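Residue numbering begins at 1 within each chain, and the chains themselves are lettered A, B, C and D in the order written.
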């Protein structure tokens, strides 16, 4: 499913999108299918599935630890694409990885692998638009969305260009800092949502962990929320993981279903 | 978006592979650096600190006894005499001052063995700027004296408990901090690595080394040397001495750490010879040569010299190696130890193990004539910090 | 016996109180020193090594933040940047070269904390002269890093097991060696102490410090400083910076180690403040101020700074104190530690604990106006060697 | 007894002089009388009694250790003179000490204390003639001999002056080096004995420990031998000290009694 279709569908239902992140292969490749299924059962609208990189600069300690577990569990890009293909998802799935993984595999091969395994979008936190020309080209050819990030520090000039190139959704970085669960919603987040004027859906990530936060963000005008660390925390605990992932997803989804 | 992309690269290397949140900071840094780099007030103040605080110019010393031993005329560029004991301070003074001119209230940095962190602490204290340094938790134990040094100078050392608890985790954590505090904080990168404009800024601040050599060697020899040899971790001491000679007929040798051998597994390399054996990749914000496995995962590198122990290398060096302007080469741990010893015995100079790699390469190839008649070795640092390591190895 | 006795003394201090067997060696040394001291070839070679090997001139650094903190304009003479990390090398290079010109095949020395021994090892290695250093057995354990340094540079370190196994036993043993091997061996004394001509020779070789300050302060201030402050163990860094200003209107302060208090028993003093509290006596070949009991037995002295921990003092300092040309004063261990800290925090310079005594005195009296408006502190060495001590004290 | 009288007496008997050194107060003040008596019984002609100084630069490890024992045993100059006075010797006694002890006591007081306690000569190894003017003056006034040393390194010029000032006997330093027992006689010792032409008696010290050595030295033209470390070694052993001191003294004395 294309990401834009999903957002249109949700718009009609007056629901915000719940984009749920976990790291593939955390803690083993075989666990991923079960966890993703639980998230979908709970109501996740889009799954953002991390493809682990040894040096995840943009992630906080929680996700970094998940990535380490995944790498120690033997996850590789080859296994990743096989795992994803086996998921046979009915909702959009986006891959989140760092640029060197893509660079090393080759832009074309990577994008084709995405398309073939059913991935709709690519998020690369260390690839700003200035460096993304090659990858964007292959994405266009293969109908895969290259999703860009916008931060509170992004200047109006940069914002204009990013919006012009935006595909799928715009990833609004809620705050200065890295991923990791926090309990409040920064005023800078509201400002950023206001500032980003576009028809492309806007999803807000970084630091969202509760239904209350998620609801405030949707109220503030976002089309979706991205939640990662809160789910990865559950996986890290190792206790009752599928059930608890489902419960949290449901809580979040209910909070942003205003229809 | 008026930025001239071209200028962020050295050939295909370099660039800015960082989270969006940092892009404006890099733009600001680029602009401000452009603004101050030829500013006379800025340069006057910097030069004052380089001279009276850091002790520049560092001598160019004709090592007569070593020359005789190795069979080639050797000059040592004495960065070991710079305040703090290494070339690192040239860069930290430059960037700390730049940060002050930019109105930043805080400096952060990463450090492995603690050399760069100490140099940051010195610059931070001298300029009165709050300084915090990330350091792998394992490194804080291995290098507790440097931790103590930094703390004495009022720098907060933050142990990084994630990952391998070493340099790369410290870099990651420092980047995260910068992402979070980019408005008030300058990230003071310690080598010619990271996203543009860092490789250029650090190279420029370190170029004082090569500029001095130009004058000094003309005074002593009336001509340029045939070759210049420098050890290469990130590559800042190498670029610092090479850059002013890029247009000249002088051969440049970048000596990497050959570690204990060229063996590589899926997770680690027994060496840190990135230019010699690395493949194109993207790490720490730059495209460059990288030690990585077939999937693009970064390898743990290895060297007896903590300062050379890095899986990447400055993009400009990768470019210069590609176009044949510099020759990448390497010395093994054991060869470096031998050279360390030679310099102690024949010259009464205890060199850093990093610098010993450069000396070792000269020892290895001098007889082949590859280096010509006159060679300048960048003695990037002193070896007091390495005594425990050397004691351990010799037993 | 044509020797002009007068010239062996500074007022009533100095002289040659040594066994007859050494007298001819002292005569030879005096003659040879007279011969080379103004010799242009000798001086050219020495100056070359001082510049390119030792890294001279050392900067005169205006410590702005410390000045503000202490309320007086402070310049630091940066001997901490000299190769080896202290002023000691000025003297060892001079004497080792003199030994070579005199045809001596071997150098011996005594060392306490190992600073002078290391400086000897450096000079010995650079000139290729066999070097052996006597060191109290206790000190070889306490200062094992410096022992290792010397050994790395090819110097034989001989542990002295007699007596208190510390510096004074090392001096005694070195003198005995000299007595036995006087024909082939130069005894390289490490401070302005010992029999004539050593106090003069060492003072002259160290005077490069003060000579540089003359030029540097004129460039910076257009006038001489109001005062110069130097820590004083044997007194070589003090005489080195004072001597060129003796005829000028500049106040000179010799800061001794006040240790943990002025208490003295029959066997030991809790301090090393020889000029301040010592009495006339004869020790190590010279008449000078000495810490001694009523019978003339020498006391064990004490200081947190190993380099100041000496029961004697250079005879010229005793003389200058008597005639009022310099002011003897002292700083306690705790005051020195505080000053050590200040210099780290405010200037990013880790000073030797010895030098910290000079800084501490400035801190203590700056407000009184005693030092005038501009003070030069001789920062005789860096504190890397002292980190363990400081860590221990702060816990 | 004046030193010169002793040498005249021995000359007539064709005996070499045995000058025996021990350190006063080694290991306790009270031991000294017993040890000196033993040496005299064994045949010592002159006793050289060390007055300990904390920094005995000119002494080797053996005597240095004796000096340490003495200082630890509580020896002071005051006790020294009292001890000496109590000895009531019939042969000459000379004090050997370092200059600071004399300097601190005051030249005049020191020399008067010597004279009053029956000391005939003073040896100060760290006081060359250049620095000895004050002390020599008081010695002359009080009929105490200031004894000078001559070394193999002493130049002819210095030698001339030293001989002109010589009193009591000339102390010839047998070799470069410090005190301490050795087993051979250096050829430089013979040369030195030849070189020192004077009517003042010549005694050779430094490194003499056996009768054989002592005899060789007397044969070479010396008027006496000074033996120290060999005696101090016996004291250090702590076993049978008086008897063994006496035995060694006798062996030495017999070896140099050529009459």
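Keep in mind that, in the parts below, contacts are C-beta pairs under 8 Å (C-beta built on N, C-alpha and C of every residue); 3 or more make two chains touch, one makes a residue touch a chain.
These numbers come from a predicted model, not from an experiment.
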item	value
Chain whose mean Cα position lies farthest from subunit C	A
Distance from the mean Cα position of subunit D to that of subunit A, given in whole angstrom	97
Mean-CA-position distance for subunit C and subunit B (Å)	36
Rounded Å distance, subunit B centre to subunit D centre (Cα mean)	67
Arrangement of touching chains [line / ring / star / complete / other]	line
Subunit C residues within the subunit D interface of the complex	1-3, 5, 8, 15-25, 27, 162-163, 168, 171-172, 175-176, 179-183, 279-285, 287, 290, 292, 294-298
Touching residues on subunit A, where the partner in the complex is subunit B	53-58, 60-61, 64-65, 68, 71, 76-78, 98-105, 125-128, 130-131, 148-155, 157-158, 161-162, 173, 175-178
Residue ranges of subunit B touching subunit C (in the complex, touch as defined)	51-53, 55, 58-62, 65, 78, 80-83, 85, 121-126, 128, 145, 148-149, 152-154, 341, 344-350, 384, 387, 390-391
